[in-house]
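We call the chains A, B, C and D, going by the order they appear; numbering starts again at 1 in every chain.
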Amino acid sequence: MTLPTPLTGVVPPVCTPLTPDNEVDVGSLTRLVDHLVTAGVDALFVLGSSSEAAYLPDRHRRTVVDTVTGHVAGQLPVLAGAIDMTTLRVRDHVVAVTAAGADAVVTTAPFYTRTHPAEIATHFREVAAASPVPLFAYDLPVSVHTKLGADLLLDLAAEGVLAGVKDSSGDEGTFRRVLLGTRARADITDFSVLTGAELTVDSALAMGADGVVPGLGNVDPEGYVRLYRYCRSGDWARARAEQERLCGLFAMTAVGDPSRMGGSSSALGAFKAALHLRGVIDCPATAVPQVPLSSGEVERVGKYLAAAGLL
Amino acid sequence: MTLPTPLTGVVPPVCTPLTPDNEVDVGSLTRLVDHLVTAGVDALFVLGSSSEAAYLPDRHRRTVVDTVTGHVAGQLPVLAGAIDMTTLRVRDHVVAVTAAGADAVVTTAPFYTRTHPAEIATHFREVAAASPVPLFAYDLPVSVHTKLGADLLLDLAAEGVLAGVKDSSGDEGTFRRVLLGTRARADITDFSVLTGAELTVDSALAMGADGVVPGLGNVDPEGYVRLYRYCRSGDWARARAEQERLCGLFAMTAVGDPSRMGGSSSALGAFKAALHLRGVIDCPATAVPQVPLSSGEVERVGKYLAAAGLL
Amino acid sequence: MTLPTPLTGVVPPVCTPLTPDNEVDVGSLTRLVDHLVTAGVDALFVLGSSSEAAYLPDRHRRTVVDTVTGHVAGQLPVLAGAIDMTTLRVRDHVVAVTAAGADAVVTTAPFYTRTHPAEIATHFREVAAASPVPLFAYDLPVSVHTKLGADLLLDLAAEGVLAGVKDSSGDEGTFRRVLLGTRARADITDFSVLTGAELTVDSALAMGADGVVPGLGNVDPEGYVRLYRYCRSGDWARARAEQERLCGLFAMTAVGDPSRMGGSSSALGAFKAALHLRGVIDCPATAVPQVPLSSGEVERVGKYLAAAGLL
Amino acid sequence: MTLPTPLTGVVPPVCTPLTPDNEVDVGSLTRLVDHLVTAGVDALFVLGSSSEAAYLPDRHRRTVVDTVTGHVAGQLPVLAGAIDMTTLRVRDHVVAVTAAGADAVVTTAPFYTRTHPAEIATHFREVAAASPVPLFAYDLPVSVHTKLGADLLLDLAAEGVLAGVKDSSGDEGTFRRVLLGTRARADITDFSVLTGAELTVDSALAMGADGVVPGLGNVDPEGYVRLYRYCRSGDWARARAEQERLCGLFAMTAVGDPSRMGGSSSALGAFKAALHLRGVIDCPATAVPQVPLSSGEVERVGKYLAAAGLL
């Protein structure tokens, strides 16, 4: 299907349910997709960071995108991450996910290797040239250790290289510069600016953002859909209350003991434990080498769910 | 072939010659291998950082390891990088390179994702369990943004998970702790400690390192072989003079204008320009999105070669 | 005077006008204070980062705080930075600025030295114990390379150690956690939460922040006063328009050529050039070793002022 | 006294003994100086990082430099740190320590504020211009978050701005570039290159370094004096054995529990505990807000001393 321009609304980065031996759990994945679609989300983003894309071998990635595009069957757009170190590797993922029916691709700046703004621009240009569908930039300095500058994004938008950006940088000042630049520059049309900052969605939408890509939206998609609608209707008081409830729920991401595991194990472990407790997926396993939550930590996830009215 | 224990000597990380359209130049690659073997190096390391592994799609990686293992045909050991973000992806590369005949595999800590020492240990354990050949840890914080601790390395050595480490961290204090720990701990045998710090090889060998993995060894393998032999024979005066000559040559890695390109473009571009000027490879192209050196910059590479007696 | 609890409104970090030979220009400083007070700001913050506190010797710091407290004479509160590396040094500054009449002090986590959350807590406790006036934490990771955690801040608020925080971290998620925690915890009363993020003041106030400490408020205090009032009255449309105008003006901070100077030279140089162009201060000099703006760069500052209706 | 050119040998950064209430313990300080002088060190460095300069108020700094210059009375040179954020503040410290008789001053790049190589050069030029004695650069990126480049150091050496460098960066490649540049450039004479890397002193001296500034030299000055002499006489086998013994001793710096304290508390706490156990100083207190070692941790320091033959 053709992607709306701009892309708006709630676009959850879909978790990848796994079996205990780290195979993709296709049944759980389709149930998760139904859980999101039923809640009224506007599009799906597979193979992003919340999907554990960095942990999934190519075979798993193909299963995910095949399953999701097949299951939604054009009801709503599917964006797919093409996450890899540099241009030629990313291009191979673009070919794979678009062959499987992805409606847009999402990629970061080069990582692992030392890079430069000129090289980042070339990277996006070369990836876009190889893609039959629109390309979104994924701004994720915590992972790639480079921040995408506002001028770089705007220039690539004007060139037609980028159709949008998913900004998970947490740098709200630059995010706003991109929003204002998108509006101010006559050479930019239909550039979609999405925030990944799930604790300040009301702020981002108030500034003019088009949509949100919330990891926590796996757990409470109805919450983010309501939040989005309150913002769009200008009901800022209800929006703030809904956002604050979601902030409380988000605290589950810190449930894992930092002396025992990293932040990914804790946050993705909590999302999956919550989906398991809510009956959406069969198994809360995260991909190796992540550390599983303890039973006490899972219990605390349950308390967050209960406090948010989700159990 | 069985890897010597410990692995000693000069183990250059083999550059990957490319055609102008970024295909692997197999003819140049075999000439480069001959250039290194003839110089007397002790083993080869393919698909490391100097090989542009981060830039090569799987298809290119396969061509490289097939070409090199086929060409050396057991004359000397071939180590192969299995460079990817996390465990399951790395395991797929391990299967591929060992099927092609690699005698050992080399992998980093997880990257892109947030991690933790316990997860890094699990990662190496799981990769080793999937590998039919010895596993080396690749300590490269500039790329993966995590430093491997001395105790982590020593414990995994004692467990039999790691056969050695290639230390490109530049942290000589920790490097020495690993060397001293390897010698002091009765539960560690045959752990190979290799330095990637090509400017202080004499120091590393004087401390007890087993060998060196010098990117610059592509350009001047004879120099590193001489340096290694001087050190082994205790001729520290000649070793220092040879090392200082190589330090002068190494300055070529900064030839690229930093306002125009990143550090990888400059350093790998210089190595390839030098190999091209020396007649070893047909084309100095680096992989997209790296920025090519200008003709003036290539000229300066030539001057470094001339000053070092290599042209 | 007694500080309002909580402290609300616009609290500009007052620039320190200097003579060409880097003495404090007392006449210009009092004119700058008048410029701010006349505009309707709610309090003044001297000896912060925008005041070049890091560049001012103790003698200059004393002149600044004496001049400002003397000149405002209790019309509005004066907060003073006590910026130094560790506890004992900070305590000396606290003694100096409170002797000169400061109504509150503001200090960061320890810097230069390696630190730890337990040490940071001790630091704030010891500084507070030595201060006759309320203590604000200054969260400025770009300078001190440590981020103050939400729980640390909230616990120190509950203990009565901290009266507030000036958050210049740019981490809006944690900022919101502090705001929500302040409201949720029964053991916290009257903790002032101020944002230093001058591009997202409307967002911060919509979330419940008490006030703003905008460096750009030196240049356009009326703008920030209007912005604050629009937010307080719930006129979010006007607030957003005012904020966006200020975002445009803020772009002046990037006017300095990054190949020739650092970010402090550019941003503080632009603020001072603007104050000079607006006729508020006599000389736009920044403290050594900062690099002065070129005449072309000053001209561009003028264009930003004109575009914002300030010339 | 006039500083030797170049400055060579062992130059310990003198710890600052404190009383339990954090006053300078003058009696212990003079005993520590005697302990070092008797061991045969070549100069003393007061008010560096190991001296807790960052923790000492100006009053304490004056006591330290007065005490030490008075006590050594010209027997050997005294270098004094002038550690502060920027130029004007550093100049005040230079005036203070040289009035008290320091034979050279040591200062870092600007910190806390954002900086730039051009600003760093101006900083050193302005500090040198204000100093009646030679100026050494202190390269300490772990504290100031900027690495001094080889060309910057060499150019300032050639200009006569810098008399030397104390390199505590841990970047041995750049350290060697500075050594080679010092020798190669005809416009540089008598530039002293000192290493602060106490675990690789044999390597640094083998490369041509002039001397060493070892924090651990407080605890075992005889060891570093022997190590220096072995290196100078070309007895590399004995040098290596001595260095390895000192590496074992250095492990005491990690004795503090990282969940309870920062790295400074652990390392400086261990040095002071060792000096107390060896009977050199009266009290092992470190300056607030550092966390004291537990009695069990102090016991482990004792074991390190015993293992090194120092108890």
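Please note the rule applied: a contact is a pair of C-beta atoms (placed from the backbone, for glycine too) under 8 Å apart; a residue touches a chain by one contact, two chains touch by 3 or more.
Predicted, not measured: the structure shown is a model, and the values here were computed from it.
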Neighbour overlap between chain A and chain C returns none
Taking shared numbers over all numbers used, above half giving same and below half different, the chain A and chain B interface sides are same
Whole-Å distance, C-alpha centre of chain B to that of chain D, is 35
The distance between the C-alpha centres of chain A and chain D, rounded to whole Å, is 49
Listed in rising order, chain D residues that touch 2 or more other chains are none
Which chains touch? The pairs are A-B, A-C, B-D, C-D
The residues of chain C that touch chain D in their complex are 22, 49, 54-60, 83, 85-89, 91-92, 110-116, 118-120, 122-123, 126, 142-145, 258, 260-265, 287-291
Contacts from chain D onto chain B in the complex sit at residues 170-173, 176-177, 180, 197, 199-200, 202-203, 206-207, 236, 240, 244, 247-248, 251
